[in-house]
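We call the chains A, B and C, going by the order they appear; numbering starts again at 1 in every chain.
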């Protein structure tokens, strides 16, 4: 009797835990479903191809035009800029922390990077707007400092914690023997480090870069505050731009629920979701590669 | 010991086990009598521990483990007709290395009874005291029952693990090389305890230490590469074994 | 000559890598210093406890602080049990099969979903579909889903670090699987779970995009009375006063940034202390 009761309890707990376990899948699916549900209606007035390649984003003109190419270009511009700035610097500091820094320094640096990851993006955006913007305005004699360049610098900075910590893990995970083998054959420390990075730790570093870029593409508040928010296809990095994320954040408040503008913003959400899903999926594959090797 | 009733406690028939594709026990048929010390000797990888872990179904936890054949405890098939939790309550196990939980001495011993629904403080205290006395640890720890079990010596920790099993009132105690990490004095204490335990419990002892088997075993089985080579009265196994392999192992020619 | 070249190369390389690190870490220090320096002037009792006045140009930010605390509490209430149970499933129950692989992939992807997309999702499902309206409930649930991967990942690591022998001992004494998890595994994983939860709270407290369309009020100089009310929230308030409303004194902006930053960093510091205390106490 008692055993029976315990069995039932155990069974119920096990089922609850199982259901919780699959919630994550359910949530991912729900996100996708709700983005589609709210966003797909925009395609009754515009084809997906026009939506993706249209050069004009004029949601409140009459008739409205929903071409997100300028927004895609805006995202691409700041992301590329951020990647160019953050990849070498990020890998460099990951190498320094993993290979060169003494133990105490390493702990301090890691804490500093953790600290950076903790700063809310709206605070970084605020500081970028107040300090970086005017700086860029003065250096390049522009009418506004809120440009693609400011966005790139801010985002490069925000991608750092992801890039540095994951790349550092990958480098630290390289087995000692590799290093000892290289050093015993007369390679210098720098040569050894370079080899290790270009071979053993490579999948982990690629994963780090991809996740960093994923973070950059999805970043919203900071980028909205420092890029100047002009929905134009940029020709130089010293022009204001507007990203996919910032468009959603800035315009959703002005839309009518269920209207075409509202739907168009959800459709941008679909694009973002698909991009980050792909990036994270690929990064995960690289991360697993690294684990198998180590 | 000849006067003892020879009730069969464990009856193992045609036991075969595998880890993945590797067979670890081959065609084992063997009986263990109630209230005896049944020792199993044999070199590493001879299937001794696998056998032990099959008797309380701890092998169920190992991914890829498969078992075929029957194991009867008091004539009940433990894999088909026995609730696994109450089986493990009836058949306790002492591991090679002491495994105290990161709790106080008291809470370590009270762990099992609590899991079986005993919550009354004084009842628990009674169980803890009785179990510690039975395993000869009481005098050494009675003044510090609420300090961490990690502060005990290795030998004390092992006796704590024995008390922990006694606290759930088992019928059979499995010992898996219980003294391999202990000094001679602690080993002697554990062996002494076993000799007294057999009045109340059935004991199955797996050991690497041939001398230990000869000191405490009523009957001894010799395993080699997953097979039972020979089983019989300990005295006979050690003085006049049937098989050449048994003799070689006992006399230290291999293993 | 050649040897000397190699040595120089080593030195240059070291210096370059060190430079990279400085480029990453130095701005952190500068940001903190600027916010502290310019924000501290605004901080006083009134700023922290009063309602905003005169179109937010005067008075305090109390409703925003309180709103953020409500949202964070709601998010944790939702995400902590769900996250811990998910981690228990993955570590203690799931077999190493296709399903657990998909769950892990889902978690990785949840961690990568842009925060503004969470905002859209929260708007679509909680505000509109479940008709919670723009409310604390909708915002807290959205934030909860966002920090779910943080809590799951930390809890998984914490559970995995509990030695296998604890489980085996418990099971061998006849405890059931759930009893074993409840009494022999969870207590020892608790500090790690706690650390992850605090980090999640820090994340939830600082996020703006998920609450933009689900809860945040632009200007609401009174306190909420139910979970279906809107609230102001610190990060959104900072956004509003620094981009949407002209004429806000600079010190007020920096002061708000300082309060938000302090809240988030204190939570992180707390998590770090819990973690290091636990590491010192650990005996296995």
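Worth pointing out:
Following the convention adopted for this analysis, a contact is a pair of C-beta atoms (placed from the backbone, for glycine too) under 8 Å apart; a residue touches a chain by one contact, two chains touch by 3 or more.
Predicted model only: the values in this text are computed from it and were never measured.
When chain centres are defined as mean Cα coordinates, B lies farthest from chain C. Measuring from the average of all protein CA coordinates, the nearest chain centre is that of C. The geometric centre of chain A is 56 Å away from that of chain B, both derived from CA atoms.
Chain A and chain C have Cα centroids lying 16 Å from one another. With centres defined as mean CA coordinates, chain C is found 49 Å away from chain B.
Contact of a single residue of chain C with at least two other chains is seen at positions 176. Residues of chain B found to touch two or more other chains are 85-86.
Residues of chain A in contact with two or more other chains: 6.
Within the complex, the chain C residues that touch chain A are 6, 9-10, 13-14, 16-21, 23-25, 27-29, 31-32, 34-35, 81-82, 85-86, 88-90, 92-94, 99, 102-103, 105-121, 123-125, 128-129, 145, 148-149, 152, 176-178, 202, 205-209, 212-213, 235-236, 238-239, 242-243, 253, 257, 260-261, 264-265, 268, 272. Listed in rising order, the residues of chain C touching chain B in the complex are 95-96, 165-176, 179, 183-184, 188, 283-284. Remark: chain A residues 6, 9-10, 13-14, 16-18, 20-25, 27-28, 30-31, 34-35, 37-38, 88-93, 95-97, 99-101, 109, 111-116, 118-127, 129-131, 157, 160, 164, 188-190, 193, 211, 214-215, 217-221, 225, 245, 248-249, 252-253, 257, 265-266, 269, 272-273, 276-277, 279-281, 283-284 touch chain C in the complex. Interface residues of chain B, counted against chain C in their complex, comprise 56, 58, 61, 63, 85-89, 92-93, 95, 99, 101-102, 111-112, 114-116, 148, 150, 161, 164-165, 168.
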